[in-house]
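Shared chain: subunit A. Partners: subunit B in the first complex, subunit C in the second.
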Partner chain A sequence: MAKVTLTIDQKTVEAEPGDPLLEVAKKAGVYIPHLCYMDDLPSYGGCRLCAVEIEGVRGLPLACTTQVTDGMVVRTDTAPVRELQRGVMETILSEHPDRCLTCHRKIHCLPNWICLRDDVVTDRCVTCAKNQWCELQQVSEFLGMEGTGRFYEEGRSWYGAREEIPLERENPFIERDYNKCILCARCVRVCDEVRGVGAISVTYKGDKARIDTPFGIPLHETNCELCGACVDVCPTASLMDKTTKWAGLPDKLVSTICPYCGTGCQLLLHVKGERIVRVSADAEGAVNKGQACVKGRYGLDFVHHPERLTTPLIRDNGAFREASWDEALDLVASRLGDYRGEEFAAIASSKCTNEDCYILQKFARVVMGSNNVDHCARL
Partner chain B sequence: MSTFEGLKTDGEAAWRNYMGDTKPLLQVGMGSCGVAAGAEEALAVLRREVTARNIPATVSITGCNGMCFAEPLVMVTREGRTVTYGEMTPERIPALVEEVLVRGGVWAEAALGVSGEEEWQGIRPLAETEFFRLQERRLMARCGVIDPENIEHNIALGGYAALHKALSGMTPETVIQEMNQSGLAGRGGANFPCGRKWDFLRQAKATPKYMICNADEGDPGAFVNRILLESDPHLVIEGILIGAYATGAEAAYIYLREEYPLAARRLRIALEQARARGLVGDNILGLGFKCNLELVVGAGSYVCGEETGLISSIQDSRGMPRIRPPFPAQAGVFGKPTNVNNVETYANAPLIIAHGGQWYASMGTERARGTKMFSISGHIVRTGVVEVPLGTPLRRIFEEAGGGVGNGRPLKAIQSGGPLSGFLTARHLDLPLEPQAFAPEGVLMGSGGLVFVDEGACLVDMVLRYLTFAQDESCARCTTCRIGTQRYVDILERITQGKGRPQDLDTFRWLEGVMRNGNCAHGQASPTAVISTLRHFPEEYEAHIREKCCPAGVCPLPAASPALTR
Partner chain C sequence: MAGLATTFGSGAMTNSIADLGQAACILAIGTNTTEAHPVIALQLKQMARRGGKLIVANPHWIELCRHATMWLRQRPGSDVALIGGMMRVIVDEGLADSNFIQERCENFDALRESLAAFSLERVSQITGLPQEQIREAARLYATSSSAAIVYAMGITQSSHGTDNVQALADLAMLTGNIGKPGSGVNPLRGHNNVQGSCDMGCLPNVFTGYQSVADGGIRERFEAAWGVSLNPKPGLTLGEIFDAAHDGTVKAIYLVGENPVITDPNAAHIEEALKRLEFLVVQDIFLSETARLAHVVLPAASFAEKEGTFTNTERRVQRVRQAISPVGNSRPDWWITVQLAMRLGAQGFSYEHPAEIMDEIARLTASYGGMAYHRLENGGLQWPCPSPNHPGTSILHREAFTRGKGHFVPVEYRGSLEQPDEEYPLILNTGRMLYHFHSSTLTRRVKGLRELHSEERVEINPQDAVSLGIADGDLVKVTSRRGAVTVRAKVAEGTPPGSLFMTFHFPDTVTNLLTQPGRDPVSKIPELKFCAVRVAKVA
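Now for the complex of A and B:
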């Protein structure tokens, strides 16, 4: 279909007809605050933040549910738009701890500094594990949310007598803290629509509404694959990697290929100093497009494990001793010379790449003269 | 396969036999309202008495004729005249049997009225009583007359004739033409022209197409659909089938709320009987039209009355209204073109097809055609369901049909259209009952619920209850609705405890603006109760916030201002 041309904040933009306006704007470099929209998934229209002005359209429609049409004229930065967005944000913040969001001092303070607001210790910004890499915080900053808001003193807002929801941390990988949840349902949608698992859902309604498993059973007792996709999309500190929750911000991100299987998922290693503090799936990955499984995501802690093998071992008189690669390979080559043809079989690991496996079967057939070739994933 | 003529002949014979020339017919009104008032026990006692005393009489059931205030009702038919007796509790049944059946009298003191236009043995016609005389009974013509569990009665009294007429002599286009001409607008509250809506579905390309009947009547104070479904379910089924024929839908669902178990039972029976007679299924009346109709019972969520929430629920998904577009006419249930109408809207279709659009349009006002059922409740003498031409003044409903407040207190407020609408004052009694007249007052006429409130009620407290309901029923998709309603409840609660602040009223207005940004009517309109009372009853808030008192004495506050009593 022919492309359409529209104007977003005086910029002329070309797009496919029917694309969500929010996505078109994002590609054109215009940021429209949002908390529930996810790339490539149907719009949910839950957070109600991405309101914009469109010429000829009544009210302030949402950018995520508006499909672009030819000649559309969009403004994202007008006073009514920002006022509404701040209003929506204010309702969201009335259900969320906001010290980390609206304190004018927060960028100056570091852990262990004296809190200028003199907050109780558990309410301070630094007590949130997502502080400074939180999407809610970014949106809040973008919209210039400041002060305490209209609902500060209401009984059920965050700092009042609100009943605390116990953390769910029974499984080894994902920690769920629904006190900080804003019910954007990203986790539900990624679990259902991307992973095809559907382990969690929005349960109940009204003020009792909560993301939860069926009947509130622990995550690992559901059909959850513990892939962590929900953690990646969570805009708050509700879903965190349990083991690395408090590791803080990484110094750098390193893109790599998962060593576990031949799929070759692209992962992002969050590196702090010399250590991998967290692993997430790389959205740029051609094979996995931002997804990973439990092994790649939570299984790379072996890298820093004290018992990890770092050199080949040779068994001498019933006991292992460390050896160099040259020594080990020479030993294998010399002993393999004793066998030929049917006496030999090769089994490849699924951690090997396709290329490695190809070389192994070539070696088996050409050098060893055997067709006994297999692969552990076939078993 | 039975022909319609055959069904009609059978039905008429069954009806003649039922009405009986030789022995009297006793019908107990078995709507939910009757059952709640003890109709089941009354029926059991009546059966026992008649059997024990060996009286030649037919004992049967009927639906509710709208006189919920006088339940349990017993209708006695002799010599072609039906006398309606009110408040026939099990204790009074033996007296009825004694007076009427044994002695052959009429027991005029206990009679509410008699059928027909003339007085009969000292009993005045029901149609001339205050409750009835302003009514125009079209939809309710068979309510409280026939046995709702017997399809033959419905057919004998004109049921399925319109379907037969449409299938045998009209094209889908002409059906829609008639609907357009009638000016019928959706009765669920949105007031969208029904013919146009059907036309959208008819023009949709994808198949199969679906018809859905919205019987999720969740508004507190509205029970018009329940009365129809419990008293004449076939009227609704016929209307859905006519709609399916006009739009080319080959499957239809009735989505019924879980809280209507009796309506569910009656609908199941009705569907079974209709299927057995070839009125629902693959070759309806042998005229080559196919439509399968199924009953789906919800799980108890208010927002499933919103059409896209309802569609999700039919699909076994969480009942959450979804983002539009696409609209149901393009992609509704199972992603296929779908039309959703209210029970009462469908019930009008057979009347329009049978009598013509012009006939229908002659009733009502220029901008609101036809008749509409209203359920009246609250602080009035006679609660129940009335059917009046649109445009009837609210005052006539309140004073004539309802009989006024009756406890000596003046009327304070009128709540119309359920929790997403608001409150009117006694000054608004002269409003005509048409949606267009209500809108400028900031409220909806809605689906038919009218709740009258006397001076003994505190509106701040009532609004708190309405907002608590809206908050409980938020589907939790939109933050504005889920959290906004909670904040309304918080602040209203605080005000009823005497901790209100003057700026709370600004917060109310501000928050309404934010909530207008919600996805569905639930989120957008749930502040209406607050906003309409701010407009029409500012003195109530004034008293609670500034004077710290509750004039009605409902809230935990002094009834008069502490400042004044000091």
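Now for the complex of A and C:
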């Protein structure tokens, strides 16, 4: 189909007709605040945050549910748009702790400092594990919520406003804290529409509404597969990786391939120093497009396991002793030197890389003169 | 994957993972996809959600059944009969794609003749399925605009695995479901790099890219590239290697990253074979049960500590990138092997970086000819990718089959090697579950995964449980002709009457003490999915 041309904030943009405006703007580098839209899923229109102005259209339509048409003229940064977005944000934040979002000192504060501005020190930015990588915080900063409306100075909206909801942390991997939930429903949609599982849904109504499992049973007792897709899409600290939530920001992200099954999911390893502190699914993955399973996401701790072999071992009188590489390699080479051709066999691993495998079969064939080389693909 | 190679000329997944989501119909047989390949299962669910027809053929109730249009609960080991029956319906009702058969295939008459033995009465008797269900499944598959077949170990780990695969390939060709989007025959490989290790020539009869070691011309090319004269005699397969070690003809083994003492059928035999070796060197990241038997153990770096590539089940070569330094004094596997080669005086083993190894692979392997690290940065490439500008191949056999014409192989139903009898009345099936992997060398070292599932359970149908006086959680003893294991019972509706199910993830309960070493005559894959056992409560 022919492409359409539209303008977003004076930029001329080409797009496929019918694409969601929010997506088109994002690709053109124009950020429209949003908290419920997810790439590659049908628009939901739940958070009402993505309002824009479109010439010839009445009111302030939502960018996620608007499909682009030819000649559309869009403005995202006008006073009425921002005013509406701040109003929406204020409503969203009325259900969420807000010190982490609106305190003007938050970038100066460090963990365990005593907060001079606030008597409720248990609910500050530095006591939230998502501090500095929280989507809600980012949107709030973008809209300049700090010091606006009811967040002015010591005015506060949240403390004591709601009964506390107990945490659910009975399974080993995912922690749920619905006190921080803004009901964007992304987790519900990803679990149902992408994973086809549907372990959670929006339950109750009105101000009692919240996300939960059937009958509120613990997550791992439902049909949940603990894939962590909900954690990846949560814009707040409601859904967190239980064991790594406090690891903070990584030094670097390394994109690599999962070592488990043959699907070939691309994972992002969050690395701090010499440790993998968290794993997430890579949205750029050719096969998995941002999805993973419980093993890839939560099953890579073996890398740092204390039982990892860290030095060559040589059997001496029935027991192993540690040896240097030189000693071990010399020994193996001299022992293998006694066998040639059919007396020797190499067994390769389908967990190793192509390069490892290639070298091993070359070794068997070239050095040992043997075609006795196989691996466990037959199993 | 011998079956596919005979029929098409290539044993890999014909289509792509993303492509499965586009199919109008999918037949998922012998795969518990949501547990063993959860992310591929997303495509199957997506397809069903969009209104596609999902046919699940599995003796066990699996999660995928929730999304299925039809669930065929054939008897364990009766897959060939089921597929033969479906083909018979397709031929009889004129649903075959005669243009495709005429233009692209050969040996159709032989197939048609063989189908004479698959009357629905007989098929229904063997499979235990009502005739109407078989008919309906055949129609669904044959009349959809595109239909894909997805299978895994349930099809291959059988003494007639090759027959199973060939029958599936026949079914696809019969309906023209090859070489177009949303179709094909798609084996799901179990390990991250099974496809790659096969592609790389870690097989006794072929060099890289399935080039036969017995072919003089091919051998000459490798001899020229490697600067040595090469052994023309195909080597021993895995099972044969252990047999040879047992009787002393193989004296030294260099074993990398495997744990056959746990994962191989007839575990006791393997252990004995390894103990008889004059020299065993094991290279791994943990001191596995197998490594404990070694004379020398070499510590390998894990996937997170090295550069390289893996090839996934859809033939996609993707980059593995180093995130941290090798733990302790461990080293990448390729580096260790290279050091040994140099100490043994070999030439042509001086590599600075795995990228150079890939360049050598590309020079010697047509299907990898266009692979190079700089081209694999964004999402990798699917082989065949023969030249530096080739975009890779997402669907095989588009114009013609790798071997020219698709070759129909007549189907023949043979029962499983070991049939249940009075003494061993039940069938034991083995498989995987979501939270663990293979011998669980890796997963049992992950605290959370261990918490979720820490011990083996044998699953038994409520009907059998009642008649044997077994309750959920009871300690029971499962006995086969080869050994016995004691394990807790789990009463589960999903397991068909007359069958038991166990995983093989737990070294404390070596399920493979029970399974039998009978192998498929062609692929040499052991029959892990079917053996006769009895079960009794431990007093």
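Before moving on, here are some points about what is shown:
Throughout what follows, the second predicted complex is superposed on the first by the 294 of 379 C-alpha atoms of A that agree within 3 Å, B and C clash if a C-alpha of one lies under 4 Å from a C-alpha of the other, contacts with A are read in each partner's own complex, and residues count from 1 in each chain.
In this section, a contact is a pair of C-beta atoms (placed from the backbone, for glycine too) under 8 Å apart; a residue touches a chain by one contact, two chains touch by 3 or more.
Keep in mind that what you see is a predicted model, and the values were worked out from it rather than measured.
Look at A:V332: by the touch rule set out above, it reaches subunit C but stays clear of subunit B. Of the two partner chains placed by the overlay, only subunit B lies in contact with A:G206; subunit C stays clear of it.
In the overlay built on the shared chain, the residue A:L219 is in contact with neither subunit B nor subunit C. Of the two partner chains, subunit C is the only one that A:I359 touches; subunit B does not reach it. When the two complexes are overlaid on their common chain A, residue A:L21 makes contact with neither subunit B nor subunit C. Subunit A has more of its residues touched by C than by the other of subunit B and subunit C.
Of the two partner chains placed around the shared chain by superposition, subunit C is the only one that A:S350 touches, whereas subunit B remains out of contact. Across the interface of their complex, subunit C is touched by residues 171-173, 193-196, 220, 223, 225-227, 242-243, 254-266, 269, 271, 274-276, 284-288, 291-295, 298-305, 307-315, 320, 325, 328-333, 335-339, 341-367, 369-379 of subunit A. Every residue of subunit A that touches subunit B in the complex is listed here, in rising order: 43-48, 51, 59-60, 65, 67, 84, 87-88, 90-92, 94-95, 150-151, 154-157, 182-183, 185, 201-202, 204-207, 209.
Looking at the complex, you find that subunit B touches subunit A at residues 301, 303, 318, 320, 323, 325, 471-480, 482-487, 490-491, 493-494, 507, 510-511, 513-514, 516-519.
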